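Take a look at the structure set out below.
Naming follows writing order (A, B and C), and every chain is counted from residue 1.
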Amino acid sequence: MEYTFQWRPVMRQLPDLLEAGFMTLQVSILAMILGTVIGLALALVRMNAPWQVRWLATTWIEVARNTPALFQLFFFGFGLGAFGINLSPFVIVLSGLTFNTAGYLAENFRGGFQAIPDTQLKAARSLGMSASQSYIRIIIPQVFRIIYHPMTNQMVWVVLMSSLGMLVGFRELTGETQFFASRTFRIFEYFMVTAIIYYFIVKIILGLSKLIAWRLFRY
Amino acid sequence: MIEVKNIHKNFGDLHVLKGIDLTVKKGEVVCVIGASGSGKSTLLYCINGLEKIQKGEVFVNGVSVHAKGTDINKLRQNLGMVFQQWNSFPHLTALENVALSPRIVKKMSKKEANETAKKQLIHVGLEDKLNVYPSALSGGQQQRLAIARALAMDPEYMLFDEATSALDPELVGEVLDTMRLLAKEGMTMICVTHEMSFARDVSDRVAYFHEGVMEEIGPPEQIFGKNPKSENTKKFLTNIR
Amino acid sequence: MEQSTAVVFFTGFQLRDIWYLAEAAGRTLLISIISITVGSILGCVFGWMLYSSKWLGAMTLGLVLDAFRSVPLIIQLILFFNFFPIIGVPLDPFTAGTFVLTIYTAALVANVVRGGIEAVGIPMRRSSRSLGMSYWQDMRYVVWPIGLRAVFPAWVGVALGVMKDSSLVSVLGYVELLRASQILITRTQEPFIVLAVAGAFYFALSYPLSKFSARLEGKWQS
């Protein structure tokens, strides 16, 4: 079978692909921020809350961790559609990624909280800080340092997961690639270029993460 | 004035404090000695409300610590506490460690809080470590940092919970010197300690705890002299010599 | 009367549909077990190579494996599925999917294994070598058992991840669990129930193993 690679049409679309790459970054960063906030809340709730709330948090965490991300996306897409809730592709991807990230990070947060000796809380309280002041100023900053590396991994994972947007009609990087590829039948070439773009996005995230860590954690 | 009135403390089935009465007047230094597990550290935790009590009452300047309506955060500002594990906040510099609670609890301006912090760090002899993170400090320096941190809240009372027991032997001296300095300045202090010579030197009174009971309290001459009133005190002191 | 039941039969979600999903779950399990088994063996070899060989070999291998961890799996699947016809060996979705999942697993496991060998530490190995153990004895009796403990929880994480990621093979047209539920949704128009059942299957496959691993990890740590 003779096959000639044709890269030129792909290169012509490169600006469009890069723009779609920004869409990927946007939805990933948003999902990461929301997922971090909710994940922290889930971890805190799981440590002390009435059992009904605790059960809800536990269910969230376990479902997020024990089912495929694609399943979770489908759920926010088709599943909610059964109740007449039709979300836009962007919102489907965002809620799916947030749901997943919150579940994974909640477990990381829990490990982080366990790693802080409870004498830190006692010391903060003995200085007259309220419980919430102690958590915000003393405990949580230390927890963030402990889970910084897992969080970086999660961020990479979110970017990779966002490619599932293609399957629910979201035109992020992969969805856009699929769109062009199916028009030109240059599937391999298009996806090869996109793979390279993903590779660089991931490397940039890891590099930035190192830089931020170096600025942030002087101790 | 700190008044402890007949307090009882249980950890589950364990009866740790069995009716303790103690009054500490302003300017007084009281050292608490006794074997580990005798409840002396728990006493401190009960005084500043870090542990709840099952029975009895604690008053600080006439305010009941364990009563429902008490603003415990406000009350604790008046009770500086130094722990066995020094508990410096690892993510903050020495200056930030000390300045944080004046700023967020006492609502001082940043500048004011930093000045207070600096003053207290000089006070404990850490003037050259202002911008250093705790990981770069020795145990003794971290413990002095903890003392400065407590002092920055301008407390009337200081509680020391075995402040030197987790330190390497060569670092004990600098911390004890700082504590001596405070005593000399007239600070009201309750020190749980294993350092007998320190207890003898600085205390106005020494209390001996034995299995959740305050066996004996009196001036150091009485406790460390030839004839303490309680046999248990005598036995304890002979054993550690 | 009879007609109305027939209507329900064709549109509603039926008990036999659960069986249909169960079969599909079996295919998910099959493709996962093959990929995880072969991928883990390859991953051990790669991980050992990354650890022991220096310079060029490790650099190239490391770079290639790193690429598999830095590109979305869905793109890897599409790329390889479209690459094989180019070199003249078109593969069916199952084979292509298994191939990609296997390499993907190997890339993840290699990282875990290298970390495990490093966790055993040079001092401990030196002490075992000084006891007169040969290189292979040292590997067999010291590195392997200690490394296993360091690695096992992470490996379970990878394995469960691959099981869940196998849902992506559906893009190639292979009818595993998630693809089967999509087909059912189209037919029954009952997405919520179908997805709930599919989710329950995934959960039942993943949850016990993840709990088991967590408990084992807790036991080893104490």
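Brief remarks follow.
Definition applied: contacts are C-beta pairs under 8 Å (C-beta built on N, C-alpha and C of every residue); 3 or more make two chains touch, one makes a residue touch a chain.
If you're wondering where the values come from, they're calculated on a predicted model, not measured in any experiment.
The chains that touch both subunit A and subunit B are none; no such chain exists. Inter-chain contacts peak for the pair A-C. Relative to the centroid of every protein C-alpha atom shown, the closest chain centre, again from C-alpha atoms, is found for A. Each chain's centre was taken as the mean of its CA atoms, and the one lying most distant from subunit C is B.
Each chain gets a centre from the mean of its Cα atoms; for subunit A and subunit B, those two points are 46 Å apart.
Once the centre of each chain is set as its mean CA position, subunit A and subunit C turn out to be 20 Å apart. Centres computed as Cα averages put subunit B at a distance of 56 Å from subunit C. Multi-chain contact residues of subunit C (touching two or more other chains): none found. Counting only residues that touch two or more partner chains, subunit B has none. Per the touch definition, subunit A reaches subunit C in the complex via residues 1, 3, 62-63, 65-71, 74-75, 78-79, 81-83, 156, 160-161, 163-164, 166-167, 174, 177, 187-188, 191-192, 194-195, 198-199, 202-203. Across the interface of their complex, subunit A is touched by residues 48, 50, 73-74, 76-77, 79-81, 83, 85, 87, 89-92, 100-101, 104-106, 133-135, 146, 149-150, 153 of subunit B.
Chain contact summary for the complex, subunit A toward subunit B: residues 117, 119-120, 122-130, 133, 137-138, 141-142, 145, 217-219. Subunit C makes touch with subunit A in their complex at residues 67, 70-76, 78-79, 82-83, 85-88, 160, 164-165, 167-168, 170-171, 178, 181-182, 185, 190-192, 195-196, 198-199, 202-203, 206-207, 210.
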